[in-house]
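Next come two complexes built around chain A: one with chain B, the other with chain C.
== the complex of A and B ==
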């Protein structure tokens, strides 16, 4: 019984993190219509920013967190400026995808140069003793991870459904040409998507940075998981991305009940390939591909 | 109200319109007909600054609007309904209408949505449904409703009857007449020559980027119209 509960807890934690990554990624994909792999670098950027502000510069934790989140938003804004330059030269969505992989590698290399390859730890909240729930153990930080993720995803949902900008984002995602003729600037919407997606990635980076160790390639690892979650749920659909991410979290964690735990990452890849082969539109099935 | 003078326009280096002159008076319905690829849609796009204009000018209410941006054109009082039931399929009916008034004040939006609901009661009934679930004719009316959210004085309609059943087509033309009676000038592009000439005050016939013929309802009997329209087939 204890193991079932423990795996449930682990699944929820993993799913919550993946969902944050996937939701931002999917939001950006839905409006921009290209695969922004460099989204992963925002997560690593944010984790290392928190390390810089809190562990090196010894800022107050709250201030360090706020600065990190703001910087992540700015970082996303700047990434979009690079893509914008490419779009102005009529870059296709494939070119943008290649550029995004290049950016991901570049940024992770910069992190490696600046901070070194050794694993870093942000010593905050981590040592707290776990609570026991029905035989499973969960730390206060992990409870926070789940609560903050769910709240953020809820806010994102309300933002997309209720606010004027959120509706305009869905409008651009749906039909960019019509959005333009009612006076919605798609360039602005691209930019907003990057900022909002990156703010969420920034928060994910903080949560991951507190829960695990930092290493320069952490963004790529999480991006693969987030991307898998987004594909499973249906690419371009934010709610699909959330659903797919939790599904991935559960499959991974219950999968190692049957398989050695070294296979955890293989489970994600297998799931990704199964969906790409047999159900490329994912569970909430949207259309793949850029220009419609 | 709208004057197009010697317009040359196209896409990048491909010139489609080769010297087009059109004159729309207050409260008129102008039909624009011609064979496939003649450049009818391109005329509407050039009014809305969605293609390249090489020379010539477009004057709206004594103001040169040739270089204006989309939001400026909407503020001037021009609204555009593109060809092919262009709506936000995954937004609700109400959200589609709200997006029509995206650049307008919230109060104006609320007032206009009431007017549109009054004109098209089914839109009010279905306001919380996703637009993709409407029938073809309803989707086209939604696209028109979205344009009406902008309070236009001039409405540009690109083939609103395309692909509709005869019944919805009739309904569509009735609605267009109704909108015009409330003081909105209309340029309507149509494949359906007979129907559109009948509701229009005047008709322009476009052939290969030039106006070949224009006139009132008598134009239907013109031999040249038959040559242009059915000659090539």
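== the complex of A and C ==
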């Protein structure tokens, strides 16, 4: 019984982190219609920003967190400016995808140059004794990770459903040309989706940074998992990305009940290929094209 | 209201719109007719900014809109429907209509803090429009679940709700039932009486000539005739263009 509960807890933690990454990624994909792999670099950027503000500059933790989140949003906005320049030159989605991979490598390399290759620890939380729930162990930080993720995802859902920007984002995601015809600036919406997606990635970076060690390539692995979650859930659907990420977290963690833990990534990618082969639109994926 | 001066658009060797000039008077219905491939839809795409012109000028209400982006032209006052309905398929019917009147204030923080709620006035405008097109019971249906004719009506409703100075309607009655055709005809007549300015493309000559105050006839990218419907009906050039004589 204990192991089932422990795997359930691990699945929820992994799913919550993947969902934050996938939700931001999917939001950007749905409006911009290209795969923004550099989204992973925003996670690494924010984790290192927190390290800079809190561990090096010795800011108050709360202020360091607020600054990190704000910087992540600004960072996302700046990334979009690079893509905007490419779009103005009629760059296709493939060119933007290549640019995003280039940006991911470039930003990770810059982090490597500035902070070094050795792993860093933020060290805000002292090692805490985990709570025991029906034989499973969970630390207070892990409880916070799950709560903050669920609150953020709920907030994102309401934002998309209830606000004008949320509706305009869904309109641009659905049909950019028609959105323009009714007076919505798609460029403005692209910027907003980058800012919101990066704010969420920034929070994910903070949570991961507090839970694990920091290394320059930390964003790539998370991005791959977030991308996998988004494909499983239905790329372009934010709710699908969240659902897919939790499914991925559960499959990965319960998979290692039967297989050695080294196969965790292999389980994730097997699941990805199963979906790509048999259900390429994912669980909640939309029919491509819509009304044209 | 709308002034088009020496507008030109070539696609390679094809002269889609060739040195076209005309004016649409305020508070009138102007029909743009002509055989297939005569350049009518290209002209609509040029006016609404969907495609870029090669040369010429487009002026709306004394404002030069020639080089403006599509969303800016829409916000200046050009509202349009397409030949084939284009709705936001994953949004509900209500959201499709609401978005036309509820996108003017997209300030980031105002939205983020949810201080930008939909007003009752806008909600009631949407409800009125749904009643007008007899689609109140479909309010919460996804647009993708509607029939062709229903999509047409919602798109027309959205274009009417979108704040505008001129309405560009590309074949508003194509594919709809005869009953709906009459309803749309009555609606457009009523809108003109209320001060609307409409430029419409229509294949059905009778529909266009009965409804319009002025008619512009295009063929091979050029205007071959323009004037009152009675005059156009008997114009030899027009008959030749349609009957290929």
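To be clear about the criterion, the second predicted complex is superposed on the first by the 285 of 292 C-alpha atoms of A that agree within 3 Å, B and C clash if a C-alpha of one lies under 4 Å from a C-alpha of the other, contacts with A are read in each partner's own complex, and residues count from 1 in each chain.
Please note the rule applied: a residue touches a chain if its C-beta (ideal position, glycine included) is under 8 Å from a C-beta of that chain, and two chains touch if they have at least 3 such contacts.
Keep in mind the model is a prediction, meaning the values are calculated, not measured.
> In the superposition on chain A, see if there is space for chain B and chain C together, and answer fit or clash.
Verdict on chain A: clash between chain B and chain C.
> In the overlaid three-chain picture, which partner chain does A:181 touch, first (chain B) or second (chain C), both, or neither?
A:181: touches chain B and chain C.
> Counting only touches as set out at the top, which of chain B and chain C does A:170 meet: first, second, both, neither?
both
> Once the shared chain is lined up, is A:159 touching chain B (first), chain C (second), both, or neither of them?
Touch partner of A:159: chain C, not chain B.
> Just to be sure I read the superposition right, which of the two partners does A:129 touch: chain B = first, chain C = second, or both, or neither?
neither
> Going by the contact rule set out at the top, does A:192 touch chain B (first), chain C (second), both, or neither?
Second partner only, chain C.
> Under the stated touch criterion, name the partner, chain B or chain C, that contacts more residues in chain A.
Greater contact footprint in residues on chain A: C.
> Name the residues of chain A shared by its contacts with chain B and its contacts with chain C.
Common interface on chain A, chain B vs chain C: 164, 167-168, 170-171, 173-175, 177-184.
> Which residues, counting only chain A, touch chain C once they are in their complex?
Answer in residue numbers: 159, 162-168, 170-171, 173-175, 177-186, 188-189, 192, 195, 286-287, 290-292.
> Could you list, by residue number, the parts of chain C that touch chain A in their complex?
48, 50, 69-72, 74-75, 80, 84-91, 95, 98-100, 102-106, 108, 111-112, 114, 116, 143-144, 151, 158, 162
> Which positions of chain A touch chain B when the two form their complex?
164, 167-168, 170-171, 173-175, 177-184
> For chain B, which residues count as touching chain A in their complex?
Touch list, chain B to chain A: 48, 50, 70-71, 74, 80, 82, 86-91, 95, 98-100, 102-103, 146, 150.
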